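Before anything else, here is the set of structures, which you'll find just below.
What follows is a pair of complexes built around subunit A, which joins subunit B in one and subunit C in the other.
Let's look at the complex of A and B:
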């Protein structure tokens, strides 16, 4: 009798264990696998971390609110530590899992895996806005205007609002393809008639003091420094400039330096790093930011609140960027479903290419419509300029498109 | 020799040549052959996904590189902290061909075995050049000299447009007798290729150590003045140790270029050099099998810590970046623990296990 009881209890235990390890079946709905590889740790993880959270939260929201009916999106997010080798490993893993779209992060890994994307014929949305991603590539879709275009937009703004003759400009860039790539775009725009004089291109190192560089720029009568790098070197430069009394108190103040920068140079993190020295910094991106309240930012904050994110993540423009790519993926799947197409790599790629004209998609996280086609690989074609006024970023005019990059 | 060729029951060597045999008994030879067969057969019997094959390939490439590092640092006692740069020389040799003649040129896609060996030779030349300061420098000073080579390499790659300023230079898909090696078979194919290189180079080292050239490495490491007095040429020995090490590194770099189908600067940084050194230390400096244990242990540790950091990264505050610190912290801790408690590395554990197995069941 005792043996029978023990046998029964053991059987019950085995059954319980089996049940515990059985994957929860998604009743009736299909599961669409998406892969994302980005820097949650390592260099640039200050941007990658909120970016990952934005994507994760939006996909959770899609599943929780049944935006795709019974179907759900299963997005695996892996850390690649900003290393191409690890990104490649993650990508291979995702392919083994049968992903239908892929979300990548860095410029280096996007360029490094370009051939794999072509071979796999899979649509990829990176967090890198480097225009070089699009060369010899059919499957990489830039989420927003390229870094080059952002710099030219800032250059156009300088040329338009500078008082006096030709504005003297320096570029302050990251020593990598990410930083160097857009320099050629600025030079081309100047050759095409953009009224600027590019006096110097500075490739910054890991300098903790920029005094010598700033003094040199001043000795060359440079008035504008346009940055294409990440926040910390810009913060160091702004603080040094402020300490030396070289920062302009208003745009284009004569005899002083006005600082401007592209997407990854700005945001709330820059203000946190540079403090008061960030005042009057001009920044461009294609995302809405929470210091300029609107419908999009309200939804962003509500999403962050729903999934218990802290204020820093909730207000990060990188959180918005993460939401944005998840929005585009979801919308593409939704449209493919509505068209009665099977959700696979090929159909999603083709659906994404039809996202233009009257089919353009308005993502709440971005300042303009998302448009893609076989010849247009840039999602949001316009950018908004912001500047730091009394400790927060404020809008400067309306979203604009570059004249010289058309 | 023992009367029983399968089980030695004592030491019956009558010549130095007999003592230098690779396999002492038929059983040793059979076990090794069986192990080798398993190594070649398992991917066909239990196919892994591309992700895991890539990890395995990566470990094998690290083994080739660490065998080279062990030659110069372990056997010859010359500290090199620029080994990743030598690996980079091999990889960038392939990349240079791709930049010059196109990545789909027949030389790249069909004559790749020759190119891999050629990359090794280029690595050897650079190794010999970098080894020249070893004629005058020792210990920390020599380490700084190799470090400077690492710095020069990094600067050159990052700033020369020929090398695409460190961004990926693509390498075309190779051909085998069965045709073009496609995506599906890519990592398995390279597994067999790299494994073959590991076996050949492993035997190469094993045999080298039996020769006067191999023994002179150890003699110079133990006391170069005594070695000089014994008629060896310590200077030449040091330079050729660096050249040999450069050859192994060059081969590893070329294999890396082909496996990843591209060459990018970030795989050959100082951080990677420290990684190779850690693998050699953890595996066991101055031992051949340590060159196998070290990469396996460190790469697996890397993978586990990666997972831990990834999980921690989801929960720890992003601003503090604590998750990022986990990897270097664990890495450093392992090296310190090995240096403190097992300076002879995992190879020593292997030696202990082997000794135990010899006693059981009543080997002698």
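Let's look at the complex of A and C:
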């Protein structure tokens, strides 16, 4: 009796192994390895967490819907807690695993690993839109317009819509390369003829009261404050301005301050932090946002629903940004496959550089086409301005391109 | 002139909140000679507990605030009981390292919740306008912050000077073995010191969170930001924390108001307090109100 049972179990095991081999043989698909390192916890994880979810969900969707046929994408996502040394370790480990493209996150780690990317000759899409990433680099591809360009776009909007002479502007920036870098772009645009007067550049700290700063700006007749930082300090400034009665109730209201900001200053988190004080804040990014419904945002919400994300993540512009980088990676692999190329670092880099002209790619998460070449390593060259109206961001005009950055 | 007075008021307000955030560090150091590097995490935990009780459980915010102080009181006491009590008598550096580890553990626990990576804000419960007098304005949140700061600091000052437990805590701080020899329970004193620090940290967290919004990184950074306040005031002086907090607040606001934006300067409000701190410490190495102990050998 005992022998019969053993025999039956052995036969079952052999059958199971055969079945497994048959399934694999039928799939016949290749697995393309992608690596991603970002802050899922730690500083800036309010952005990194939904960003990671967007990327993860989109790659799952690619595999589940067989977008690449039998081939699949295996993207490993690791938390680096915003620590460059951890990012480096993750990146090196990914290289050992044989990744074909890499998704990075912060400005600091992108700048810090720039040489490694060059040595490894691997295409990298960071979540940092710092134009300095592109200096002395051939392998870093900015997903959307740089922070500098975003500030110039806002500056151009101010110059165009300000009434009564030259608009006086202050920049409110993060005390780091992330915040300081774009200031030079604004200064260059002004030198090139952008009709603004840059009166002051404010580097903020962890301020509990911005009264002195705001009153100083008012005493200098500044009317516009353009921010390049993260949401929390902007929220504190908006709340202080609001309670002091200094915030403009409409764009450019005389004798008041109109606040504007680049990608990481805005989104639903700003409204969550600043409440009513966020009203009339002008924000620019190159992503579609869910409070302005459209085809792209419908797909974004459907993706989030399919993979069980909560409403907060589903509606985050950082979730859209995470989807976007996954879309670009997928499209690059798809095009390389269609061209009959082997999927490796070199071929994907070359394919990405051909994504322009009639080959431009329209990612549903972005407001404009994605174009890359050896001389243009900025993906979406357009940005959309939004402003907070009755508690949600609404579209202001159509997507625009900077005149002065070209 | 109103600009000058506005800066003075803003400086005092910010300084008071610094003092409240620094109070917990002083209380722990005063009784146990330990610098608590997990203080920022307790500040953040206090704010998040209040938010949770208010928004998720639906308790009115003032009661949530009180409940959060009570919860952190017992939480901090438990932390001391579980992790630190067995280190009594061990070198101070060991205890400090434990507080650093404790900070990491609390970080990890908070990262497991949505509070670790999302932004929140308290429901509006105070008028949004300012109180203004002669062109000088102060928000209701700031005013409440100042009142709570002075109530807590006054209460703790009285407690340390007049109550038996407070006096025994000072005795432990002065000489553990001496205190034990007259029957004071050192472990109990340590537990109470941590508990009181937890209570004040929760109050600080709620006030800071109501100003900046509830972001974990921003909140727990205040545990480190207030270190210069504690050092300047003298590590074991409550009065020192108040005076140093206000000095720091005033320096920040005056630097921001008069130096930044002029002479090509920017961000001086963040740097100048540290420069002044170094200069003062050159002349008063134990801080403004710190005790200079002289050992006879």
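Rule of thumb we're sticking to: the second predicted complex is superposed on the first by the 380 of 406 C-alpha atoms of A that agree within 3 Å, B and C clash if a C-alpha of one lies under 4 Å from a C-alpha of the other, contacts with A are read in each partner's own complex, and residues count from 1 in each chain.
Methods note: a residue touches a chain if its C-beta (ideal position, glycine included) is under 8 Å from a C-beta of that chain, and two chains touch if they have at least 3 such contacts.
This structure is a prediction, so every number in the text was calculated from the model and none was measured.
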Partners on subunit A (subunit B, subunit C) - clash or fit: clash
Let me test your reading of the model: by the given contact rule, A:236 touches which partner, first (subunit B), second (subunit C), both or neither? second
Report for A:312: first if it touches subunit B alone, second if subunit C alone, otherwise both or neither. both
Kindly classify A:41 by the partners it touches after superposition: subunit B alone (first), subunit C alone (second), both, or neither? both
A:49 in the overlay: touching subunit B, subunit C, both, or neither? Say first, second, both or neither. both
Contact breadth on subunit A, by residue count: subunit C or subunit B: C
Looking at the overlay, does A:163 come into contact with subunit B only (first), subunit C only (second), both, or neither? neither
In the overlaid three-chain picture, which partner chain does A:177 touch, first (subunit B) or second (subunit C), both, or neither? first
First (subunit B), second (subunit C), both or neither touched by A:84: first
For A:220, decide between first (touching subunit B), second (touching subunit C), both and neither. second
Overlap of the subunit B and subunit C footprints on subunit A, residue-wise? 40-42, 45-46, 49, 175, 312
Using the touch definition up top, name the residues of subunit A that touch subunit B in the complex. 40-42, 45-46, 49-50, 78-79, 81, 83-86, 88-90, 92-93, 95-96, 108, 111-112, 114-116, 119-120, 175-177, 180, 310, 312-313
In the complex of these two chains, what residues of subunit B are touching subunit A? 49-51, 54-55, 58, 158, 165-168, 170, 183, 187, 260-262, 264, 266-267, 306, 309-310, 313-314, 317-319, 321, 323-324, 326-327
Give every residue of subunit C touching subunit A within the complex, in rising order. 3, 6-7, 10, 13-14, 17, 107, 111, 114, 116-121, 124, 128-130, 137, 139, 142, 208, 211-215, 217-218, 221-222, 225, 252-254, 256-257, 260-261, 266-267, 269-270
Under the touch definition given earlier, write down the residues of subunit A that touch subunit C in their complex. 40-46, 48-49, 175, 199-209, 211-213, 215-217, 219-220, 231-232, 235-236, 239-240, 242-245, 269, 272-277, 312
